[in-house]
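Only one structure is covered here, and it is reproduced in the block below.
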């Protein structure tokens, strides 16, 4: 029912198409790229778009189109992985905290509150400032920062369900805690979790691009949309087009997840459509 | 009311201690010896030892934390390794820039979000509403810092309407300073504008179908009054919470915006300090911004009751 | 009796994805000066929509598609919105079913009462407050000077409905449209609110259109009764005749389902359910539920006939 309505939502389908395009780009980057994204060409520095270099070249003469294609890999990789980390951590923390309750719940939720007391990107910046810029540190930083959102959803749903009759009944016939959590409680919060995950993917792509723009993401020379943009910025006055394309790439990727997120929300809560 | 404020503050204390603890622990996340990392590979063993001692890293962890908390309570945010100045001094010099930037961004966001969100709700499911939905989804998808770069290119470099980078304090030259802040604050505020506008729209939609709105019309009030008084005040309560949460996005986004527009605010200071591995400054800035964020959200909680008197202050 | 407000062939449709629902279909009735008119019917019969049509406040996606509402020498459906606004709350006012949700939770009682005054009359806030306080006293709210400073959530349901009545009567309107004013209240409170309305009607002379699903509510206060079913008036007449000699089987069914005060006698629930407006039966709309249904009832719509002077029914019986 839920998925059927989603499949009939035109906005959601546009979003799915945009995401699919991005995944395609990342998966077939070697086929789609026209140049080696890392190849330096001193003879063709900071060129404008041409038949040879569709989106122009950067200050090292590297082909920006190819770098953007490869950049989608880093962007998707980091965002998917960090949201996966956040979801798993959040579900584990939220479920156990809500299920067992008591002082553990109190302490855990206070820690989650504390994490949410930081502007998300700022905490990620702080973690990366000390851990140093590298892809896995970005995944870790974003994953940790987004964990409380998932934990709260799961905990809320656990609290509302754990006293319900079907859960009591399951406990009465001797089912274990883990079984009850996985069989009865988690399936009831998949929908909000999916919505949260989709929204977080959009945020994560934005955050990753901000972090690598600041030099805290994937270290050069690896191409990521944020660091391509940061390189381009230094030569903005000479070659404005260099700054246009990375931004469009980020916007499109984020847009894809936002469209799907919106459609999912509409399907879940059609009142506000 | 006063009792409520005090209660609210007492409730905050454990969270604040945890926030401080997390910032404190940051420096211990550094792989290896923080003192050695700070000084870089060329440092002598004596230098490393002296920095370690200056940062108190030679003492047991819990003792370090107690000292750290005690310092914080007395307003000591540590001392910069680079400039040797107390961090709080540098923060107080730079925070006004960030505060002005985020405040202008907030004003811009609300100025866009409130009328457009109301208009979209009133024209629900019409072309205006669809246009609004397209606009806001773009607003939450476009990276603000990139939009900042584009705005610089178009409005400063090509059209010459605004100075490209640089800064004049608004408290010295209000209009001159404002010219430097317009592009940064608008590009920073766009994301928030979109998020808040959607919240305004959806809460207005919810409110507009309630019976008291029909009742207000049945009194013979003008549609303008029905919407701006009866509907908006109720719709604003949930919106206010969103604004509080989104203020964090402004504070975080300011880091990048200040870098793009070369504004001498706290965010730029933080980024420069990261490059210089001046960890006490990094800690101080992050902690300070988190405290500002917590403060703003506490104020939002207190204001909430004005818009929804059903909230019990007890 | 001179008709004060005359509804003539009113048509209201709701345009939804499932199709067009004709919520009100050729409804005509009138209300006299100072009269209490009971409008009775199950939910979905179009009685509330008719009242909202009088104020031109039919909610989206509903639209008034035909008819006239004569009041004060004008057709309310034809005058500009600006003039209509002067009628609302001033000459014709309305109170709603759910006092819990009909007052705005974000404003004090004073604010909500005086704003109605300010929107129609030029007066200072002090005068407005005095008038509002006086009105709260009239609807028997204890300590009105203090209560006026309260927010709606401070008051009980019965008190809130009194506030609604006070507000509706602030400007001495000619007509008060009361849409199920007691349905949401406790039984004990219901009686006192009804009694209050009855006394106010006699004291101020405001005509009241008392809309309810419960015939018992109109028994004591109304002079005439209009019975509605599926967007049509099916019977109309003096209250006594309706109670003693109801001509329409639907009205008879409604009467049988009124609980007797002494608890004696059989309580008969009417068979069947109200048909969907998207799927109305052929002929008489009541025929699938009617215990006296005949062949002609299924074939063609029944005629509107005078049963006795001033008493009409939309039925093939008595033909």
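Going by the order they are written in, the chains are A, B and C; count residues from 1 in each one.
Convention: contacts are C-beta pairs under 8 Å (C-beta built on N, C-alpha and C of every residue); 3 or more make two chains touch, one makes a residue touch a chain.
Only a predicted model underlies this, so the values are computations on that prediction, with no experimental measurement involved.
Chain contacts here run in a simple line, from one end chain through to the other with no loop closing.
Of all the chains, the one whose CA centre sits at the greatest distance from that of chain B is C.
Distances from each chain's CA mean to the overall CA mean are smallest for chain B.
With centres defined as mean CA coordinates, chain B is found 21 Å away from chain A. Inter-chain spacing, taken between the CA centroids of chain A and chain C, is 55 Å. Centre to centre, using the average C-alpha position, chain B and chain C are separated by 52 Å. Contact residues on chain B toward chain A in their complex (touch as defined above): 14-15, 18-19, 21-23, 26-27, 29-31, 137-138, 140-143, 145-147, 149-150, 152-153, 157, 202, 205-206, 248-249, 251-253, 255-256, 259-260, 270-271, 274-275, 279, 282-283, 286, 289-290, 293-294.
Residue ranges of chain A in contact with chain B, taken from their complex: 110-111, 113-115, 117-123, 125-127, 129-132, 202, 206, 209-210, 213-216, 229, 233, 236-237, 240, 243-244, 246-247, 250-251, 254-255, 258-259, 262, 271-272.
Note for the complex: chain B touches chain C at residues 209-212, 214-222, 225, 229-230, 233-234, 237, 307-310. Within the complex formed with chain B, the chain C residues making contact are 52, 55, 57, 59, 85-90, 93-94, 96-98, 101-107, 115-116, 119-120, 151, 153, 164, 167.
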